[in-house]
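Below you'll find the structure I mean.
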């Protein structure tokens, strides 16, 4: 061979510094794993121009620079948790209803055959509608939902079909989930219509505004929300719209705004939720790498994902 | 007509989601209104290069994506408050003294004939000098001033005339306002000259540094400031320089710096101030859309404006 | 009224300098006009991420800074040509097949009732497929096509439906146009598949590569192309994909590349084509204002449009 | 002293590579020189938002990376020409009429006491009005003018005073220059009002459009223009608005557009003009470093300036 | 002289507003001073692409817009503290080991002859290794170290030599400092290898994670850290890696991440540390002006530096 | 398996559109190939800040969107030429002399064992020095060199070692190549020192300035250059510094400037050179993807590379 050459796309390696990319492995049906990742790269369904379809691979690209080690917990996630990457749901170029169906089918197919928790990487928020339709169809379970968002996401379906403004309308109207099993956290003023606030109230959804979070503290809000959605349900689905965070933390979200949650609280929240065995799925949506500043929003999403995995690791360790 | 066409510049409409742009209406002398907006698009008077003259229309452009509904208060501002948009003060291309005069004249003309509160959208901070000269001339009232800023803005007038560094010098020296009726909140270290600090102290101005705000809390600072400037005066004018906020929240201000106020506190403050019937005018200045990141600074300004209107709505509701 | 105010979004006006925006008027069925503009803001059908849907309104926004006067010809276009703006075809948020149909319907509806030339503002290149389907259905005419593009745009439809890679496949396979009536100008190396080159050759399409244009000169190429597509046909449709230009001139196209045509040649070409009464429609597609540098690509598109209108004005004047 | 330290703002130095910054020296009344540079950093007089006031110092900053050596001519400019930098005209912060006067005064003061050619670095085009008023007042000479521009720059003065749209109106109306002594080169379609074209024609100005330049070639156009403006006059003033170049070469001009002159032709033109002893002044205006891409526009301006100095060097050498 | 001209690179001056640039003076061996600045512009040693070598001069450039006055303390730093700027350590273009040696030599040379505190402006973090080697060699003292960083910076030296990932490895392995005299503050999860956490623990280093800082408060953490590193030592060295701050505050660091310290806490911390006479050196590293947003990161670094100098001023005042 | 999923980093595939990435294959010693690619990702040796080390992988990333088909020649390169990708030369993080040595060793190792032409992807221009040292050492041949560049690149080695300013100094002084076998094409005024021009003239190098290229035409210049360097030599090495092109075509080069060669000429030139069997190596250097605009410079480099391969394909075809 030629002397001193290495493969393309190599980067500086420190022999003592394994990366998340060395830990997460491609799914195959034979391998055992504890939790799975699935990309749902759909964002042509967004109301505003969005390249959120790039988020799953943008997160994976960052796996090459993150370590699986938590100094805070003195815990190596890679020693506790096997994480399988299922890949991305295939997308049709122009038939967006088919894209929704394929996401639903992929999650259905996963849910039918696997009990391990699932992490979905959007894509825009419409994927949550598809995913929960698939999951409930597969598992026949009743899910509680903790929905982090600045927006209610229950727009009418007549004015544009299943977009990123509609996932919870789709889910509530179809009966896949029940309003009394849903808590929305971080809802902001002046970006939601009165009619949609009225709708969620009427459906029995619990709404916690961003300002209430600031007054009460996210930890307490979350504890109550978790208790609420765990009642009467078989499992909890966490849906995290990145725009729930104050715009100063997430320059790449398509719908930024001030007055949102802080990144410090969100990181604690995801670890806390990860540690609950009841939480069986989480998604991260509505971050657009094409509009980001130096990948800051993708970095936040990746850290939230790792925080969730750390929670799972902590819980697992404790159960041994 | 041609099938399936709509006018230029249309955007996605959800029939149940009215926008701020549907609520605010152009002023005409016949219409009744509760509060008025006026743009003062002057920023050639800025010391540093600034396109703050673009802010009024940048805020109006965002009115098309904001809702008049506060989820937090379960209150539709558009049901309580009639908001008239007066338009922008005309600017001369090269005669900046005339620009100042025209701002003063416009506010004078408004103040002579209307008692409703006025929201001024700068432009740079020099417009506050012009506006308060016009307002005091029109109403013959004594105004207290709450001035949010990183800077004292009392530079000498010999070294450059009436710029964005001088509004309070203009006002104090002319006797339009008195130092003992002024509180400056958010003043920062290392961006103010000793001589100007000495000047405001000598004039009897109350100064609250950004660090004091952090220690005391803005709510308490504001309560004391409001009490102070309400004494002996006939009304309160609030002047909000966007650079009082920490630079992480306002990437588009011409004079950014760290260590400033937070956006969460500022939003609460403007709502609180809006609810005081004594507060008869507010301005937002020194945000440059041309240097902004994804309109974040314009978004903050718009949210502060809506918070102020929410305060007015709350107060009005309470008075019914 | 309040002194010295003017409406929002006003700008500096020179009383002797009328603008294109003062000349072009909104279509209504009663007004007489010589040529019509129609926006087709569809780009979710693009293979690469594109906000080309913003182009029609971006061009219209520039109408406020362009003059209708050609110094070169000492000709005021606004004195010769009445230009009606039909607006934009309405788009569905998520049903892209419906979007194609609505474009086809709008052009059909126009073509059924009007004989005046039509300028289409894309959108991505998929709109050409829809537009020519509508036009041929309405007029029952046989069209020759001059297609400026770096790409053949005849991809198979199985792999993604009607996208910006397929308009001429749609048109040739459907029989709406015949290959022998088509000339493609500016095709570039290394961005077209061998199979698609074989397809167009087999269909009888004439292909002129960008390199041939450089050797022969665009004027001569165009004269021959025009002669070729005018034979046997009832009219000529010009489709101008902005990426036919060298990337140095069009920083905002989604598929940029070096080695393309120059902007000087293109401006001359569009004026020359405009002057041919046979040319009954033109479209400008695949420029994305969101990826542009200081609106350079939108400026080029606007100048090409005005050059085309200048051609029409020259022809009209000559016919008087 | 401390070992191994060097002053702040040092950069890599190659001992054999002297720079333009080592050659150009600060003017003092005692030093002999052959040509002088003067900055006129005024751009608040611009119709569109412009930081062209930064150009003089941006060019000077580049002097640290340019060499005074022409490989093409095998000529070291620094061996032939002594270049004095007068500095920048002082600007008032808010009194723009005073700024114009100070530019006029500075040029007057220079012209009264020095016969060497002057290079003016704008600033926007309004400085040409001020400079030529000062120059003609000082020297009592009749100047021919070669004006490179996309625009006539003869707007009425009523609608905004002396802006960058008016310098030639100021000069023609005041009688400082005569229309028959002026040639405008590079005028573009669709960015000039009919009324102003009529005005310059009536004043006897010769107009060469950008398209004529392409057909005739700039070398021949220039030769004829030079012959024309040299007749009946005592000297030639060259005014170079950077926007005469096609926008692809000058991303930083406030008024970019396609179809302009090429940078190759412009470089040859400035060297050719520099070699004419008759050319006694040149200005470079309307390039905004704040809107530039990687200093490309400032680089072009710097190269044009050096080309002019090379012309002077060639002429001087020939005269020895 | 020519009327109304001023030197190049002048800017608006307010006669009553002296700047930091007027206060800090170039070092010469004769002048008395209280504290010294030294730039160490080395960043080719960085693992990720970094222009941190530009930071020292970027900070100095900002000295022209900062005032030496603290409104909060009503204290003029320039009346209390004489600050000498030593300049920058010379860098070799391609021999990076020589660069390290020259930094070590410069600090050694300074430390041998001066007892005043030293502020080092990096450059990347590798300069801390060189600086402390030089300082300990010169003074023969034992230093405690407070190390603000998201990262341990103790990578093995085999895989790339002395880079910005290795300074504390260099220092601990060489015995220049002892692990028990080091506190690392702000260490973050998922960006440190398990092996390096194990290494610092084994070396006796105290580690405080970013999350612990949030829970305990930086003031208390710092007090304990200071007490710890002051024991058994002759002086304290503070090393501040800008990436210890949350990425929302420092857009220009080469290794940004969420969950970091806040800028408000950091400013208080540096002032507090400055006031400790024991703190004899501080460095600021790993901020890259080329990747920054509107100089925000350089501004933070400058404010941290001024906060440190304010601490020194406060302490000095108290000692008089 | 899970339904409807595909691997991460998949993209839209058209079954009839194979890409360059499908054609170029990783080198292994067993495979037959006609030409090889080798990345030399070194740019810490640059005088100005440069991330040119990213170019090799940036080009490879574009291989996924380029087709191996030339419409102009109706030739599928993938049917004629087998292209092996050797990967990248390994780089040391901090020992830049070792990096140079490893590049030399890799090329030596290749040249010792393979006779097929080599394409080197820099990196900065210092890699040409290393590569030609390795190549001449391996093959013992005498090489003629065609060097496209704005710069002579013969700086003295005392002031900074082997940087991107020195490759031809290294080569000429060492005797690896002889000046009379070198032609430099595209040298520009005001960016080269007189001393270095004198040096190359003295060494017998032929210099063709950019302005001469414009007057003579690149085709003729190249023919003469090729004839000149082919005499007395055993093969030709082509070194292409991307900054030889006018800055309007290559926004990402570290040393941009106006007045350079055009991209159209360069593409023709590289194809022409590729077709010469004598040309045994080519390199592309000094393009920095981190400073680029929308990958335009990387696109130009990729097109130049493909043009060279097209030349090789043409020649090969002809030889069959």
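We call the chains A, B, C, D, E and F, going by the order they appear; numbering starts again at 1 in every chain.
One rule holds in what follows: contacts are C-beta pairs under 8 Å (C-beta built on N, C-alpha and C of every residue); 3 or more make two chains touch, one makes a residue touch a chain.
Source: prediction; values computed, not measured.
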Legend entry - Intersection of the contact lists for chain C and chain D: B, F
Legend entry - Cα superposition angle of chain A on its copy chain E, in degrees to the nearest 5: 120
Legend entry - Maximum centroid distance from chain C, chain identifier (CA atoms): E
Legend entry - Of A-C and B-C, pair with higher C-beta contact tally: B-C
Inset, instruction - Compute the distance, rounded to whole Å, between the mean C-alpha positions of chain D and chain E. - result: 45
Legend entry - Geometric centre distance via CA averages, chain D-chain B, whole Å: 41
Inset, instruction - Using mean C-alpha positions as chain centres, tell me how far chain C is from chain E in Å, no decimals. - result: 57
Legend entry - Sites on chain C at which at least two other chains make contact: 12, 47, 93, 159-160, 248, 293
Inset, instruction - Chain pairs that touch, all of them, please. - result: A-B, A-C, A-E, A-F, B-C, B-D, B-E, C-D, C-F, D-E, D-F, E-F
Legend entry - Complex contact set, residues of chain F against chain A: 1-10, 12, 26-29, 38-39, 56-57, 60, 85-90, 93, 102, 105-106, 108-110
Legend entry - Complex interface listing, chain D residues touching chain B: 44-45, 47, 49, 51, 53-54, 92-97, 159-163, 290
Inset, instruction - Write out the stretch or stretches of chain F touching chain C in their complex. - result: 12-18, 20, 66-74, 76, 248-249, 263-264, 267-268, 293-294, 296, 299-300, 303, 306-307, 310
Inset, instruction - Would you mind writing out the residues of chain A in touch with chain B in their complex? - result: 47, 155-156, 158-160, 165, 187-197, 207, 209, 211-212, 214, 246-248, 251, 256-259, 291, 293
